[in-house]
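In the two assemblies presented below, chain A is common to both, partnered first by chain B and then by chain C.
Right, the complex of A and B next:
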């Protein structure tokens, strides 16, 4: 191992069953890279927003199966882990313009929702700490506004979906909930409509063209000197 | 405290609306559980599978939490199926501490269920807590032209351990109908199964059963059927007969008798107006 880690405490982790010693304090993602893995899938933003880096793990002497985002969870001694880069699920096709914003609509596309046994495994799995079960239950009783509110921060990591004994595809269903909510139920944002109108009228065309012609260095300078909202 | 269930929040909104309104008129405040999930529905209870009892126990825990604040352990159900599921699961876990312990351990994110919640049906609230005399006092409309056949179906009466009345010869709805000043028409099919979830697999079965039940009620002189169950309500109203008598919720009959027309849907009002015109 390199000089620079000499004084750092090392922890033992098991990636897909193979033992590695990695410096304490690293995220699972960095620890895996340290151990020599190169990510092609199962990685995206590195910031906890994209939901690509789902990981499941167990700890020594603990029967529980834990879930987390590799880019957000730090390694602990005795962690057995594997990444779940994708949760297999068909993406249903629908035209949101032709749908009615009701629970029945969602149940007709995702009939498995009716099978929820309220085990709460989804909620326990969610790295975003969402009340996933309550969101599914809200869909079941047709309360889309509540469901949309509860699943607003879903990053489609799929960890709930992989744990669900009713085989519900939460993240696709939640996307539909938010689409229906946004289109039919939520109050329209006036300022947004006005801004879209301005854009369509070409108000920003000139500025965009100017940006498009700038060099990388000019871009960087512009970025560094930007106004930051306090 | 009361547990609404999914049907009352979606397909049977009129049922919930009238239930709350008539209860209020009788001085009973129905407080919806602050948080609840689908009870899991009847057919799950048939299997001796712990997994299928979790939903109901979770609701009982929610009732336990809220009941502590209200100092009340009664959980009122309105839908027959929710009544049956919650009541039966409650019974099962009360009788089987081992099973309850398993469930409590599985749900380690919740407080333990202690088995102290009492599940009752709204009909029992009206009969035992309010009393039919008080109900009589609130009637503000002449009801004698309404000949209502009570239809119990399965969930309120079977299995007999959780029955709200004599499972073979129930009287609770009949007495309520009479207290409202309407004529109660007891008919032989009152405890028949409406054929329930067959509606999903084979509509013909439910359409025919519904027609049979309607025909019987008519033959015994009824002009309306009264039910407690959203599924019976749906099935009976989708009979294969075009001009069969309509089925309404018992709370709608009460709302009409109490003069709470504003809580009734235009369709239900039309049913009542039609009965009064015809005679």
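Right, the complex of A and C next:
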């Protein structure tokens, strides 16, 4: 909802260099809206899950460039900021059914990974605080399980990719790593396969058919009488 | 760059009460409510039961259906476009199957249309923001499927019917529970990284109202993990995607009997496009951004119910829109994250809901509407809530219990998103409880469909060429959805829509395109005396500051 902030201390922020006064305590996203921006780009879930609102900023008297998600970062007095609404990066096409779960597979599709100089700029840029460089190094070692674990919380915001001097497209590579792990390295759930088979054989058809035709009172009775697993 | 907030001193004092009772509560199970107690609690405290919040629809196939004012204001509204100003003689995009929307249902539909023999280049996904910008990505806790030996699809069926107050369409529920294990297998085969033990068994938890542990999760990024795999696969196959181009109106043949395309609007260049499809699949999601009864929401920026508005103009029947899901545990502190989702998985892992005295007041895994009502009662009926510095009320969700029950590190490992969300603001959920209050989460009702995902008209017959799936539809969840059944719904019914549409287009040509149905709807609006200023679909919510809005003028000519 619109911000109904009264008697709140105001802070000065600089949106692409232009000064605006906004209430303190707002997220960068809400502060920009307060200032009058209506977003089309640089916005998505507003909850830290989609990576659409990558933002870079600097503070007064501080040479460092900071990164954050506009929906998860609070404005501070003297913040100079700009959103990165898009990361230009081609997503290579592949057929996971035809791939082998090895580091070589990933390097053949994303050869620039071999150029990693271990500068750690990616890790520093990650708004999720992931060990991005370690994940890249794990791919180089062929340890896909480790890489998949390290990159699991990636939201594809692209900030690492923008900062990388080796021009690696981390988030696309990570997607492939996770799929290969999930498909080939993690063990399959046998109970799942079993159940799918039973259903295809029609094991539950008759009972489901009967259930679907019951009256509300019959459903109620079954519902109230059902045992509940701890 | 850190900007930690943490709890103010007075809240830290209150947390001591929670800590004092924790050891005792670890042994304590709050009793489940009897059916009549649940009914009473809902009637008195659930926002749906406030009669002043709703009104009956005045026009259309669902005339008389009571819906929230915010919904009625969009359904009883004039089109954004003037049908006479749209040039239908030039078609910009053509596809066998036109899919409107960009979330889990749209992606599943696209993949299964392709699996059913429709070439990737003959499938077009048109979506409002980026492909993948949808509530699917934000789902945290899990996806249900009865795949353990102790469980069965029939149990899943009964849990859903009871959770939905027996108002669900049993045929839709039957298809959902029957398809569920197959869908999990499909996702597993594509490489979705489900939480598993070393043997490969799914680690499954209970959700509110489930009688068996059947929630499959990928930490608390379940929706993100599923969505990004679906997206990757859509991209790999070369299915066409048109982003930042929401549909603003559907197209029908001259008699309005078949859906034949859509008018899209490029959000960036402001031009419209005519898109034609032999079949159209609507997968536009729900209505969180309408902020029903002024609640904050867990939903993504584009959740404005556009599909329901457009489908109703074509003559689709609606159902169960009188019921809205408020997720019991939205963040209530700090202010920056108010309304954001704190997954039910926390309660599945043992976190209890606790009032200002450090006492439980509800069994934590009752169905969502019941738990939400109990929290509202605790805060506003019994005055046992905790008041935040900005005047909001909430109750504690005792997160540290999870670490005690399942061992240190559980939160970081299995609730990484929640852990991250709070530590960003100086709160450590492994050591401190978090403050929660219900938040607008889900559109329980929506467009009527059958098991083949065909959209139904007022007489209950399928509208030709028209399919829908996901949150935009109603019937699967009745009056209240259970946790883990929305990720299941988007994949099950997205798939069904894709397969049905593929079958349909194999025997059909492109239809004629017109906006005649819109003109007819406009006439009904005028006759019903609907105020002219009301326009829909909403496309995006308005959050600009009041001062800016009061002085904003448009100077550029079009």
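Basically, the second predicted complex is superposed on the first by the 182 of 230 C-alpha atoms of A that agree within 3 Å, B and C clash if a C-alpha of one lies under 4 Å from a C-alpha of the other, contacts with A are read in each partner's own complex, and residues count from 1 in each chain.
The rule is short, and it goes like this: a contact is a pair of C-beta atoms (placed from the backbone, for glycine too) under 8 Å apart; a residue touches a chain by one contact, two chains touch by 3 or more.
Remember, it's a predicted structure, so these values are computed and weren't measured experimentally.
Visitor: Look at A:25 in the shared chain and tell me whether it touches chain B only, chain C only, both, or neither; answer first, second, both or neither.
Guide: In the superposed model, A:25 contacts chain C only, not chain B.
Visitor: Identify the partner contact of A:222: answer first if only chain B is touched, second if only chain C is, both if each is, neither if none is.
Guide: second
Visitor: According to the stated criteria, A:165 is in contact with first (chain B), second (chain C), both, or neither; which is it?
Guide: In the superposition, A:165 touches chain B alone.
Visitor: In this superposed model, does chain C or chain B come into contact with more residues of chain A?
Guide: C
Visitor: Just checking: does A:124 make contact with chain B only, chain C only, both, or neither of them? Give me first, second, both or neither.
Guide: first
Visitor: Which partner does A:103 reach: the first (chain B), the second (chain C), both, or neither?
Guide: Once the two structures are laid over each other on A, A:103 reaches chain B alone.
Visitor: In the overlay, answer first, second, both or neither for which of chain B and chain C A:12 touches.
Guide: Neither partner.
Visitor: Touch check for A:134: first (chain B), second (chain C), both, or neither?
Guide: first
Visitor: Quick one: which bits of chain C touch chain A in the complex? Just the residue numbers, please.
Guide: Interface residues on chain C, with respect to chain A: 1, 3, 5, 35, 129-130, 132-133, 135, 137-138, 145-150, 152-155, 157-159, 161-162, 166, 170-171, 173-174, 177-178, 181-182, 184-185, 188-194, 196, 198-202, 206, 211-213, 218-219, 221, 223-225, 228-229, 232-233, 235-236, 238, 244, 267-268, 291, 294, 296, 298, 300-301, 335-337, 340-341, 416-417, 420-421, 424-425, 540, 542-546, 548, 552.
Visitor: Can you tell me which positions in chain B touch chain A when the two form their complex?
Guide: Within the complex, chain B touches chain A at residues 5-6, 9-10, 35-38, 40, 44, 51-52, 54-55, 58, 106-107, 109.
Visitor: Using the touch rule from the top, collect the residues of chain A that touch chain C in their complex.
Guide: 1-3, 25-27, 30, 33-41, 43-50, 52, 57, 59, 66, 68, 72-74, 76, 91, 93-96, 128-129, 148, 152-153, 155-156, 175-176, 178-184, 186-196, 199-200, 204-205, 207-209, 211-214, 216, 219-220, 222-224, 226-229
Visitor: Can you name the residues of chain A that touch chain B in the complex?
Guide: It comes out as residues 102-104, 116-120, 123-124, 133-134, 137, 140-143, 165.
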